[in-house]
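One chain, subunit A, appears in both complexes that follow, with subunit B as partner in the first and subunit C in the second.
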Partner chain A sequence: MVESGGSGAVNLLSLSYFVFVPLVWVLTRLIRPVKGRQLLWLAASYFFYATWSLKFLCVLLVSSLVNYALGIYLRRSPSAGRLWVGIGFNVCLLAVFKYLPVWSAHLGPGHLPALLEHVILPVGVSFWTFEALSYLFDVYREEDLDPSLTEFCLYLAFWPTVLSGPVCRLPELLPQFRNAKPVWDDIAEGTRRIVLGLFMKTVLSQILGAGLRPGEGVDFGFNQIARGWTGLDVWILAIGFAFQMYFDFAGYSNIVIGTAQLFGIRLRENFRDPFLSTSPAEFWTRWHMSLSSWIRDYVFMPLATWKPQVWWRHASLVIAMMLFGFWHGADWTYIVWGVLQGMLLVGHRQFQQLERRTNLQLPVLVATYAGWAVTFSCMLLSWVVFRANDLSQAGAMFHALVNFSSYRHFVLPRNFVWMTIVISASYFVVAGLRKLAENSKQVPILARLGWALSPVLYSAAMLAIVIMSIHKAVFVYLQF
Partner chain B sequence: MVLTEVQTPKGIGGIPLVTPPIAVTPPTWLLVLKRGYVVVMSLLITVLVGNWLASISGQNNYTKAEERNERAAVVPMAGLSASDLAEGQAVLNPAEAPVTRTQLLYLGDSQVFSRPDAPPGALNTAQWVQILLSRQDNRAVRVLIGATPGMDVPEMLLRTVAASERQPRQDDVIVADISLAELRELGIRGEINSLATDPAVNSTLKSLLSANPDMGDAGKTLDAVLNPQGDKIVDKSLADRMEDTLQGKADGWSFFAERENLVALGLLRYAQWEHRLLHITSGSRVPTHAEPYRANLQMLELLMRFSQERNIHLLLFFGPVRDLEPNPDAPADLTRMHRDITSLCERYAVTCLDYSQVIPEASWADYSPNQRGAFAMMAGQHDFFHFKEEGHKALAEKLMSDAGAQILQWSNQAGPAQ
Partner chain C sequence: MTEAILNDTIKAEAIKAGAIKEMTDYIAKELVRRPGVEVTPETPLVSSGLIDSFALVEIFVKLEKLTNRRIPAAKIQPKDMDSVALMFATAERIGKPRQ
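Right after this comes the complex of A and B.
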């Protein structure tokens, strides 16, 4: 769907990116005036985006100028009518560039005007359109926002985030665009996150997605096996895809957040150990946090406060999560996935109410582990729907899950099964070790030991990144 | 943590405040040292270990040397004339095939060319076929070797489609050595995958799939090859050229340049550990799952339909199987494969020969106790896939006695260059 997804583009895994970033960093240090820095960053952002396609840049420019004008129009007299004009423009933009190509493909040639049939999806359009919308909502709420045109354009085009977020908010970025001064800790932390992100994406996500050898990996399991999965295969694919997505998108987010931090800009976090969540509600405060909080603030809250009835609050949850799914694309699998997530959240609320009504009190340890197991399993199964190529494939996979006689063997390559088990288990081991390391900061000798050994870990990560960079990797989330 | 003496800054209204001891920043030199340590040590270890890894990546060169041996210049041997040597050598140079000859593409896995016992320059089955054909008519057929280690049916189909688009003339005859291992996997390696990036091959494959919607399982497999995720074939842009230049510069560091070898070496070590931990031997039974088998069978059917459509003559034979137990191939799986493929051959009028028992036990190879390279983990065990040089000759002779006349007849039908 994305035109020229990378062959000609500077992406976050290319060597060009690692020349581009230091170059902009040095120029930033040379330019003292704030206005000059902002112009430099804007020029760098537009250059970066233009390497993907000049046509994409044109769409972004038009969106920036129109949304800036809409912001001024709304600020003069914040009214629901004016806000709806802004919402309408951005929804139309998404409809034309994100959903029309999909519908056009479904309809076949000749059903749409010739011009519309050649519309292509600009990379990142869903992310920066939601940023523009949040700006309009904030102006409508009469927040004190007065960006210059340069600042607003930079907010939408800021090169670390323009491709796939995190979905930023102007009130957080504006003061930083005006006062960003990176200190050593920013540079050290930024670099650490870039290395970590590259390792997650280039090594872990790559191994899970494409496997160690051809004919292995999640993509093979979903795309090339047409039928005949066993229950074990479906579980392995669900685990593999969940962790592939996590390492892909959390790795990408680490690179983005780290890059911004090199320039003294703190972006909002996007992931916080999502697979340790003990309830669906908690999961959504840890997974793709920038988008889930956007949906909460600008969709769920206004909807839920519209009517006081409990059923409506539940319906709002389902609607909000369905929209979350639809944001990923005009495909039934995403919509069903969103509805499933909404139902899980409603189910969790109902369970909480039941607990309160019956005064049910499980031992903390049991409640925690049972909550984790149920949440983890439900999330894994919902990812099957998300990743399936269509609903019939998802149906066939669920059928295999409930066919208990199929659990005796698996058809997926043994290597892939091993890799999935090892990598997913490592996630939990590392999470435990990190907790230990955090506690060890209280013990100076352990903290010093950690500091002394850290170069070994960084070197191992960098060596693995260089070796695995031989494979051409594509960010999964770029397609959204 | 360095602590200073108690500080007494001025308080509100000039009343001094007594504050608890506070931490202050250590001296600049210490700070620089502390921060620089992680950066410098990380880079130093990366460079040193990287260089060391680059130096040991040469261990994978043994595998490369094996491949080179298989492509080494044919050595003179008793019974071979100068013309035989030239014909045998020409098989290894497909690019130089004369357009006047009928082109025969010989497909299969490493069984086609691996001769574990022989020195570099010994002949493989495809070369023997060339020599034996030339002895009957030295201007009729040019055999081109299209076999690759571990080749599976999707790769065979891709090679066949690419061969149909070969310039200046398409391949006229395909001879394929079919083994059960080829029907177990569905993976397509990068180098064969890249054939599909050729616009003509890509478009032919897409037409083939759309014309055969009943081959859904095969279509699923090829779909990923034909429509790689997030990437379209685009002209080289400025960013591309910049990236290429940077990659070229990065390759100046041996570690960077040796990445491919290091990945191969890593996989090799991984396989060795896997064999050791799971007690896998060369004779361990390898399961043939229904799903990839069915897709591979569809792929073979697609190959037959395509060959018919393009007037490419197709000849299949069941490759030799070592008659020893324990054996990686389950007898039931072999029987099923024979039954299914024979029935396909009958349906599409394709010649299908059974050579599973052609190689006597004495002609099969064993892995040496000091085996190195890709099969190091099989040291001292039976080799169930490869046979000695004499086996290659015997197989080629059998093939020629059964189908040589037919191949030459096809050659006469094919006529001069198209």
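Right after this comes the complex of A and C.
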């Protein structure tokens, strides 16, 4: 059912990507006319996507042409009925390629399951379908959008984002496709983001996921069902998985955003220190921001304002977050994870109401640290459901969490436990140092120290990337 | 005749100014609740992170009441609600007067 990229696929960690990007960059510098430049980027994007599979490219092409036509149809008369036609097409596309084949596997033998078994799952289909939907919503909202067919196709296929986002919006990209002119600062910043992203993915996420030695790592820990888990194991696995996901997807986002910036294109940010959040609502403005803002703008807001009652707003939050979970795949673990996130947001809202009613004013420091501790713990526990192989495994892990007599020892290898603690603690140290550095920009000595240290840090990062790249690394979010 | 129209315009402007003040106070006292943060009709609310999406819905419901207009939610974006001044302009632009 799922067709992954073959050995010729250009992915963001392959050597071919670092040949492909400079080549397109040089050709971009040689072509002056905007139209020619856009055609070059579109050809490069289609080539990039076709290296994964020509079939994927065919699906993307059909989606691009149909959505472009739907956009014209909707612009002539922006009615709700016409918008629903567009929504229907894109939902059907996702259902056929992403959800039905998974559900059909549970149906048992038959004609339809046999047919659906051959359906491919184009990589990135969830990302570019949501981009197409946002275009239709924006046309319905009568945004001033007039993309040419080339520009619209480029918007959906743009090679840095086509595999796993960030989920872009046409009003942000269209002016840049027409006027992008990279300056030296863009190239320097883009390169820095790419090196940082590679370090986060190939070193930190890889170490957490696979461990330093066979029989270690988050993946091994979640699969050791026969040996069971103690409460301490579950906490360590939850921390390990949370940081593995963060370094994986934020690392990927850094590479993508950095690549686009080399061409003078500024993409929206996807992560902003999510583990420093002091409330669940804040967490969702810092984690997978491009998708969470999409859900907020196009699902939650229209849904929540449909009825004025407060209960409906709460229900809308849960429905929107359930959809967020479902977006990841047709699996109960994702749906339950989404519902849990919705309930957390509702719980936070109730606490805010209680604060208002009782005029409760906690000291700022207490409120900040208590808010952080509760948010971080709740997010960790919800990641257990997200990562578990099924709900019964999640149940077994939660059972270990509340079995306090199990908190005496670890089943997990000591090496992995210490590594997880060191990496997660280092995240908070680095985040703190970064804040300190931001505040000390006015101090000349500290500013000069930063310049002196940068080459050393980047050399060390590059060395670690080269050493770790001998392992086969795959981005977790490619499966969505 | 001209005087009557002028009076109606002045009256409508006064009602709008009162509504803007009520909305600004509501956001400052009920939703932002941060000491030292001043909310004016021009203060960015969504883009600055002062309010979350849930608060945005509460503002939307209050905006419909204050302007006595039905605003099609699917037609608005958070950027249209980024400040009190912007949200009243949006309500005037796309809201339909209630019967």
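Definition applied: the second predicted complex is superposed on the first by the 466 of 480 C-alpha atoms of A that agree within 3 Å, B and C clash if a C-alpha of one lies under 4 Å from a C-alpha of the other, contacts with A are read in each partner's own complex, and residues count from 1 in each chain.
Here is the rule we go by: contacts are C-beta pairs under 8 Å (C-beta built on N, C-alpha and C of every residue); 3 or more make two chains touch, one makes a residue touch a chain.
Note that the structure is predicted; figures quoted are calculated from it, not measured.
Visitor: Could you classify subunit B and subunit C on subunit A, in the superposed arrangement, as clash or fit?
Guide: fit
Visitor: Compare subunit B and subunit C by how many residues of subunit A each one touches, and report the one with more.
Guide: Of subunit B and subunit C, B contacts more residues of subunit A.
Visitor: Once the shared chain is lined up, is A:Arg349 touching subunit B (first), subunit C (second), both, or neither of them?
Guide: Only subunit C is touched by A:Arg349; subunit B is not.
Visitor: Who does A:Ser14 touch here: subunit B (first), subunit C (second), both, or neither?
Guide: A:Ser14 sits against subunit B, while subunit C stays out of touch.
Visitor: Can A:Ala394 be said to touch subunit B (first), subunit C (second), both, or neither?
Guide: A:Ala394 contacts neither subunit B nor subunit C.
Visitor: Answer with first, second, both or neither: which of subunit B and subunit C does A:Thr285 touch in the superposed model?
Guide: A:Thr285 contacts subunit C only, not subunit B.
Visitor: Could you work out the angle between subunit B and subunit C as seen from subunit A, using CA centres and rounding to the nearest 10 degrees?
Guide: The angle comes out at 160 degrees.
Visitor: Please work out whether A:Met301 is in contact with subunit B alone, subunit C alone, both, or neither, and reply first, second, both or neither.
Guide: A:Met301 sits against subunit C, while subunit B stays out of touch.
Visitor: Looking at the overlay, what does A:Phe220 touch: subunit B (first), subunit C (second), both, or neither?
Guide: A:Phe220 sits against subunit B, while subunit C stays out of touch.
Visitor: Just checking: does A:Tyr140 make contact with subunit B only, subunit C only, both, or neither of them? Give me first, second, both or neither.
Guide: A:Tyr140 contacts subunit C only, not subunit B.
Visitor: Quick one: is A:Val411 in contact with subunit B, with subunit C, with both, or with neither? Answer first, second, both or neither.
Guide: The first partner, subunit B, only.
Visitor: Minimum C-alpha distance between subunit B and subunit C after superposition, to be given in whole Å.
Guide: 28
Visitor: Kindly list the residues of subunit A that each of subunit B and subunit C touches, one partner per complex.
Guide: none
Visitor: Which part of subunit C faces subunit A closely enough to touch in the complex?
Guide: It comes out as residues 30, 33, 49, 52-54, 56-58, 60-61, 64, 73-78.
Visitor: State the interface residues of subunit A toward subunit C in the complex, per the touch definition above.
Guide: Residue list for subunit A touching subunit C: 80, 83, 137, 140-142, 281-282, 285, 296-297, 300-302, 304-306, 308, 313, 316-317, 345, 349, 355-356.
Visitor: Using the touch definition from the top, list the residues of subunit A that touch subunit B in their complex.
Guide: 2-10, 14-16, 19, 51, 184, 188, 212-216, 219-220, 223-229, 409, 411, 413, 415, 418, 444, 451, 454-456, 458-459, 462-463, 466-470, 472, 474, 478-479
Visitor: Which stretch or stretches of subunit B touch subunit A in the complex?
Guide: So the residues of subunit B in touch with subunit A come to 1, 34-35, 37-38, 41-42, 44-46, 49-50, 53, 152, 185-190, 193, 216-217, 220-221, 223-224, 229-240, 242-243, 246-247, 250, 255-256, 259-260, 262-263, 266-267, 270, 274, 287, 289-292, 294-295.
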